[in-house]
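As structure tokens, here come the structures.
Both complexes below contain chain A, partnered by chain B and then by chain C.
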Partner chain A sequence: MGRIDTRVWLIVIAAGLFVCLAYVPAIIREGDLGFAVSDVFLYEAMINGLLLGGVLALLSLGLNLIFGVVDVVWICYAEIVMLGMYGIYYLHSFYGVPLLIAMPAGILLTAIIGYAVHELVIRHLLDSAPINQLLATGGLLFFFQSVATLAFGIDFRNLGVSLGSFPLTEDIYISWSRLAAFIVAAACVAGLYLFLTRTFMGTAIRAISQDREIMTLMGAAQGRLYLISSAIGGGLAGLAACLLVLQYDVHPFVGLSFGPITFMICVLGGLGNMVGGFIAAFILSELIALGGYHFDLEWGYVFAFAFFIAMMFVRPEGIMGRRS
Partner chain B sequence: MLSLSNVNAGYGTFQALFDCTLEVNAGEAVAVIGPNGAGKTTLMRVISGLIPARGGRMDMEGRDLVATPPHRIVDLGIAHVPENRRLFPRMSVEDNLRMGAFVPSARAAFSRRLEFVYDLFPRMKERRHQLAGTLSGGEQQMCAIGRALMSEPKLLLLDEPSAGLAPVIVQRIFELVRVIREQGLTVLIVEQNVQQVLRVVDRAYVLEAGSIRMSGAAEELAASDEIRRLYMGL
Partner chain C sequence: MKFGTIARGLAAGAAALAFAVSAQAADKTIKIGVIYDYTGPLAGGGSELQARGAKIMIDYINAQGGVEGYKIEPIYADAQSKPDVAINEAVRLIEQENVDMLLGFYSSAQCVPVAARVEQLKKFMWITTCISPAVLRDRNLKYVFRPQVHGGMFGTSSTDFLAAYSKEKLGIEPSDLKVAIIHEDGPYGSGVAAGNEVGSKQQGFEIVLKEGYATTAPDLSSLVTKLKRARPDVILHTGYNPDISLFLRQAQEQGLRFRALIGHGAGYGVPDKLYEALGDAANYIFNVDPVAIWLLDPASLAPGLGDVTEMVGREYAKAVGTPDMDPKRISAHVGMAASNAHVFFTDVLPRAIRDHGGISADALRAAALETDIPVGGTLLGFGVKFPEPGGAMDGQNTEAFPVVVQYVDRDIKVAWPKALQTIDPVLPLPDSSPYAK
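Up next, the complex of A and B:
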């Protein structure tokens, strides 16, 4: 059970790093531990990191689900989120569809896109070399960006809906849209977990991700399970779009601001491992939030990427990944 | 029940089976023996559709296997226990068995089949919540056989069920083949344990370098000097 031990150690080390990153810069700057511990803005940054982590966890979940089942990494995943954001934006701002209808429609749209990506592209490449599959989904990334540019222009568009914020304490304000995003993302993660562990179809999806050939022996048409997973993965992208469109502007390149981080989360957690991705989402989001708090927002990303690269040396198979 | 005539198969440009002709009658137990790399596993995989036959005919109860898509083979009553067991290692024993009942007809009869398998392997019932990957080798083999039985097959394909198991467990696996036959199943089994397998089957085929070299009743083969010398080390 040496594997469990390493995981426990990793969590201890991560917690230690977290505390260091949280307090050490403040102590150095102020020369006073007491100030650092009572710094409300630090806690606000931590909470915002947690809230961001929820959405990143949701994004990584969809990508991991597809990878686990189909064994192809959808480099274009965040661009599907972008298309979902545009869908919701246009339905709501252009056609005046209420958000509560526009959002499910956006989810349906991305589920259909997910289905189509598999049916029209991936299905034909299942026996190709992995590099060709990657290049194809990379090509889709640019295709989606170009289509969006052509159709919608490069303007930044904003839903113009603000849910406002509320005071958690006297000094800490939490944005409603971020909190809602976190809660919905957490609920979806829980729902997906229940689907995968408690339903027959979910069990079949886990089984095919462990041994696809054997599922054929059991009588499963692989193609159908692939399509179901791709559509669910697409739908999760749409769900993330609902949460993100409340917080960010939409533009054709918005995918680039969370696509790479989503991919890193999946790799850091162990590609295809949903539990690992879930943990990694919060590790990276806290790194981004705390780095951003102590230095600049950009520094947060620098820390996150540096941590990612360092982890690739220490544990290339990912936090929860299995050595093959 | 199952008949193959002049079946060829291979991987890429490599041909692994040459004009294999073989027959398994209902209620029989038939063994395929032969050295490592002879093509025994390939033969099993062609029958269950995991690799396509390149020419030749294969029928199961008069229905054409060559034209049947791989995931439909189990509907014809064929269940394959693959080499190295190939359980879903990070799923519970019961979820593994659940996947064995994937086809709609078996899914409808799930609880009845589960009871049947648990009666056959009480150990599996005790371990039903344990992850399959953490079972001992013998238990994994029971789970793999149980999973195949979940679909209520008529013909069971067993690919080296005794490989890598301790001698006591090997004994139990062969006893199990007897029990399975008593349930009315037809068995096609690949084995390296030639001496033991010839005691539980009716007939056997000898496969060498992708071709069937010999076939006959189990006692005849067990008595043959050539078989005793080549495969039993006697």
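Up next, the complex of A and C:
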């Protein structure tokens, strides 16, 4: 009961902060409430934040799933996204495969990578100290970057495909690829939720995430469930890659732009909690967008990181996390 | 012409002298640590192209028999796009490989700390590429020299160009011209942006926005929104590669409109990548950079330099596996490093050996301070002269200048200065551009 209250309070405080951050700087700058409220570009910034949130939510989803089930943080998650981007890029730009086929193939590729990462590396470390697991996936991060550098070179690649945008009003345009990321992220959260709560497999995954030893004693095939979760997590990285490849250059280090913030979102939401991660993605992205709109761009990140640090004091288990 | 005769005489004399001493000094070597980025984000942003240019020149000089009896022994090192690695590699090359000097450096973020460290170790450093004024400004470094244009000159070139055409082409008095300055927030972007600001103030432009951002920022939409709100006529942008294509893509998707966009080197210096990412939306973008050496008329250069330019293009085309490539499409990066290395090997190094007793840091410094190459005396077209020590910019070539090029239908045209123009600049953006106002 008490926990729910804290969450409600948190949401109220976050909403209050959001309104303050949105309007107060403009009121101070212009000295005019009317202007602040009717500033069309402020609303564009809010929408930017919402759409960025979709991208970040999608990125954090797979990482969260894997952590929630296997209890290992894949530091190299953004690098798997990078490999997926390369897969799609090469299939489409090099071999002329239509995007509608290249993208599912990219998802399949990352699902296989996710499967392989678990089978070849994580499986052997399940009983090791968490720091060793972190070091191993951290090592994989450099391994993937180096493999990509060797295999694809250091050139920046670009698919050269843009989905364009559509006008919402005279001044505000919405990017189709960002909107797609937003919708896909929302659909994936809903889909994963249904999968985990309504299917036998999902129930088994949830059960094993609660207690690895006991569930194994009860006859659940721990190894198989872990592999399935890792493959789904990897596939979600591929899904994110489909949408990122429409927006960003592909290069071996593209993961550096997303890795840290994706990890932060998962921690802020409560590691392993997908709904929490979803909410956290939007909180951080709005802080980034509004902070960046009112002040220098970098301030957006300052606000986001400051909020993150403050939350780690107030609620170290994350917004929706379980107290352990 | 007079210069040509002198140069030829000098060259002949040098060759004779080299021949005379080579019998006893055939095994003399100058070990040079060559540092660029072969991995990491900067590699694809131009650093690897620079490295190729430098290597082509070193191989060429060695194939010519070296310099004054010295064979050049390059030791190539990878700075991995990281300042800390650049420092470590510089120190390793000096202390463990015992190199006589360092050459190269693409990133200003590496140059600033490396220059200070190399100076402490009393070694000579010849910078071919990085442009931030902060590398040299007010530091009075004794052993660090840069024939390259510096960032402040980049920044003011674009404003000079705009001032000349604002009224004629845009129909806007310079005092009414609204410019926005956006830049990556490292020493390179900040240095150029500071030049943009100084130039804009000199010309009386109104600066409606000036802002930096991190090259790894995953999102620049708030910046685009602010630009839409500020409504600049012209955007002056300095960035590396991934951030430029992200910015231009988000700008296009969010409906940002302007009359002209001027980039300042690095990512903007690789038009192939701009076209790959943006298609024809990359048309009519301007870029400030030292000129791609193949765009210059060989007749405007000292005799013999045209052949060297051609050789660099040929070797580059061979090295990348497309021997029949049109050299006019080769990135400016390749020629920049080649030209700036060429100055060292044909001017500074021979004089140090001949007149100052060898290849010590002090001999190289003394020789560099005597360098006086007139306009047309380098592959890049500009002259080379270093200021009297004790000023604000010790070690900076005062005679260098960049040009403004424009990308038109995948060709690179020189738009400024007027003397080198190969196109009447297309201004404002024509309606065919998605960014046109």
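Please note the rule applied: the second predicted complex is superposed on the first by the 324 of 324 C-alpha atoms of A that agree within 3 Å, B and C clash if a C-alpha of one lies under 4 Å from a C-alpha of the other, contacts with A are read in each partner's own complex, and residues count from 1 in each chain.
The definition used in the following text is that contacts are C-beta pairs under 8 Å (C-beta built on N, C-alpha and C of every residue); 3 or more make two chains touch, one makes a residue touch a chain.
Computed from a predicted structure; not experimentally measured.
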| item | value |
| --- | --- |
| Which superposed partner A:D296 touches (first chain B, second chain C, both, neither) | second |
| Which superposed partner A:G160 touches (first chain B, second chain C, both, neither) | second |
| Partner chain(s) touched by A:I288 [first = chain B, second = chain C, both, neither] | second |
| Contacts of A:S257 with chain B and chain C, given as first, second, both or neither | second |
| Touched chain A residues, chain B compared with chain C | C |
| First (chain B), second (chain C), both or neither touched by A:T199 | neither |
| First, second, both or neither for A:Q222, with chain B first and chain C second | first |
| Which superposed partner A:T169 touches (first chain B, second chain C, both, neither) | neither |
| Partner chain(s) touched by A:I214 [first = chain B, second = chain C, both, neither] | first |
| Complex interface listing, chain C residues touching chain A | 38-41, 43-45, 48, 81, 185, 211-214, 216-223, 225-226, 228-229, 241-242, 245-246, 249-250, 252-255, 273, 276-279 |
| Touching residues (chain side chain A, partner chain C) in the complex | 41, 44-45, 48, 51-52, 55-56, 149, 153-158, 160, 162, 164-165, 167, 171, 173, 175-178, 247-249, 251-254, 256-258, 261, 285, 288-290, 292-293, 296-298, 300-301 |
| Chain B partner contacts - residues on chain A that touch it in the complex | 200, 203-204, 206-207, 210-211, 213-222 |
| Contacting residues of chain B [partner chain A, same complex] | 48-50, 69-75, 79-80, 82, 86, 88-91, 95, 98-100, 102-103, 106-107, 147, 151 |
